[in-house]
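Here come two complexes built around chain A, the first alongside chain B, the second alongside chain C.
Now for the complex of A and B:
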């Protein structure tokens, strides 16, 4: 812990003031709030992962089990939850791709690849993989 | 353009009070004045008891960091004209203990900076007779951005992780460690890796990114930290390999 220096003249040592950090610190500015929302998207990602696992389990148990699973997903509450989770996961992906160039500094032929190129490459890969998956699943 | 502008300045006199208070001062408005000029006017003409740090008044020494309207700024580089009509709130830098008025104690940062060995570490010092260390412009470019740090600690005032967990080593210390890690003359990367891989090292960072926004010299400490995390993970994986494969 950071604390006052070990001054031997502590009788005259000034009384330092430490402003307490409020538990609502993340509401003080929109950037802080956006950060906390970004971190909370992990809950939405976990929700989708759990849903996927349950779907695979239902698939493994046979067609009636899978049909029951799909029927449960049709519940309006679950539809709303899924839509909300989808919005959060979109936010998660967009913030992730935009931040990726900060973590990966690529140098080609001695010059730094610009941030927009790295983020752009991530988005392009996203579109390509989504298109490939859509073609495979919907044809 | 108004004639005057009001500054609402935090005052804290430990011998008189137990908590900071605000005092309003009306200073002349000049369109080329920075907040630092206003503070010096207050000290010269209105209230000589006001305490604050400053030195170069041109944004290279890092002494005059304070919170202006709740955001960490170098007061010599923050202009009154951008904050009209006022009042402009000036407070000491956040997350550091306040000694008096606008003066904070940054010895916590100094201690952490020393821990990361911010100098060129050599296994063997090159004797003078062997000549200088040669470095190409590409090699310089690898660490140049991180070398711009002026130790102003605005990034610490901006970092909510440092505010919530004061044991966090902090953005500037990690950025400066990276500055030396990426310097071709340095051989101390493993020394620093041990210190920064601790619980309060780079892993406390959750990439809020406020440090980069607050940095007046565009050092991008957030980028430095994330790159260091990647290097840390790569190092950890390499350690798992058997000796022959390394």
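Now for the complex of A and C:
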């Protein structure tokens, strides 16, 4: 490489060559597609938050409003939409728990807790929480 | 500015993601599928209202709406950048995403507060 004394600069920066990337780059390989699908699970998460907010609003407005809300959820289009959202949310849970060991490394008595144990703890918590919530919501 | 905001947004994203992963599937399954399709009997209005009136339930519902909204905002923002190559709209997308999450959280506070 040139030392500082021989450094020479051109006035204009050359334009780097960049391979043009199509908007559909994520369809080129299954790995990319999976990545984008995983990121899109956030839409299902947001959709659920909105739905829950609307349910609480209907609850607050009285029995008729709540009945109307429930009837709307029975619309086949919304059932299909909710099914799609449910599949995406499950995909989110699974990918999230599987990534958890990479996001946090737990050490116990100086030894690294194996990845499978951290992911396993997440899945166990999922089962317990799901059972507890189902029990409360179905009473 | 960005340096001070990014850790907070990342925190909201990861807490929201964890809550969403653990809590949303069962809620969504019951509310969106099992009850409307008639697989399970939905509890009557009065018992549902009584449950939501409990202060801890209100806090829980707020957390379950607000954090996942911020999770959505953060993740969706980057999906738009990368997926649709909209890097030039950075500010606009960020304002719309986090603004929606903020508005949704405020609406949740108001809605939960107003339930008598």
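As a working rule, the second predicted complex is superposed on the first by the 120 of 139 C-alpha atoms of A that agree within 3 Å, B and C clash if a C-alpha of one lies under 4 Å from a C-alpha of the other, contacts with A are read in each partner's own complex, and residues count from 1 in each chain.
In the analysis below, a contact is a pair of C-beta atoms (placed from the backbone, for glycine too) under 8 Å apart; a residue touches a chain by one contact, two chains touch by 3 or more.
Just so it is clear, the model here is predicted, and its values are computed rather than measured.
Participant: Is A:45 touching anything from chain B or chain C once the two structures are fitted on A? First, second, both or neither.
Facilitator: A:45 contacts chain C only, not chain B.
Participant: Please work out whether A:16 is in contact with chain B alone, chain C alone, both, or neither, and reply first, second, both or neither.
Facilitator: In the superposed model, A:16 contacts chain B only, not chain C.
Participant: Should A:82 be classified as contacting the first partner (chain B), the second (chain C), both, or neither?
Facilitator: The answer is second: A:82 touches chain C but not chain B.
Participant: Where does A:26 make contact in the superposed view: on chain B (first), on chain C (second), on both, or on neither?
Facilitator: Both partners, chain B and chain C.
Participant: Just checking: does A:103 make contact with chain B only, chain C only, both, or neither of them? Give me first, second, both or neither.
Facilitator: Both partners.
Participant: For the three-chain arrangement built by superposition, which of chain B and chain C touches the greater number of chain A residues?
Facilitator: Chain A has more residues touched by C than by the other partner.
Participant: Show me the chain A residues, by the header's touch rule, that chain B contacts in one structure and chain C contacts in the other.
Facilitator: On chain A, the overlap between the chain B and chain C contacts is residues 21, 26, 39, 103.
Participant: Taking the complex as given, what residues does chain C use to touch chain A?
Facilitator: Answer in residue numbers: 14, 16-18, 20-33, 35-37, 40, 42-43, 45, 47-49, 51-52, 61, 64-66, 68-69, 71-76, 78-79, 82-85, 104, 107-108, 111-112, 114-116.
Participant: Could you list, by residue number, the parts of chain A that touch chain B in their complex?
Facilitator: 1-2, 4-5, 14-19, 21, 25-26, 28-29, 31-32, 35, 39, 99, 102-105, 110, 112
Participant: Which bits of chain B are touching chain A when the two form their complex?
Facilitator: 12, 14-15, 18-20, 70, 94-95, 97-100, 105, 107-108, 111, 138, 141, 160, 163-164, 166-167, 206-210, 212-213, 220, 222-223, 226-227, 229-230
Participant: Could you list, by residue number, the parts of chain A that touch chain C in their complex?
Facilitator: On the chain A side, the touching residues are 21, 23, 26, 36, 39-43, 45-46, 48-53, 55-57, 59-60, 63, 66-67, 70, 73-74, 78-79, 81-83, 85-86, 89-90, 92-93, 96-97, 103, 122, 125-126, 129-130, 133-134, 136-139.
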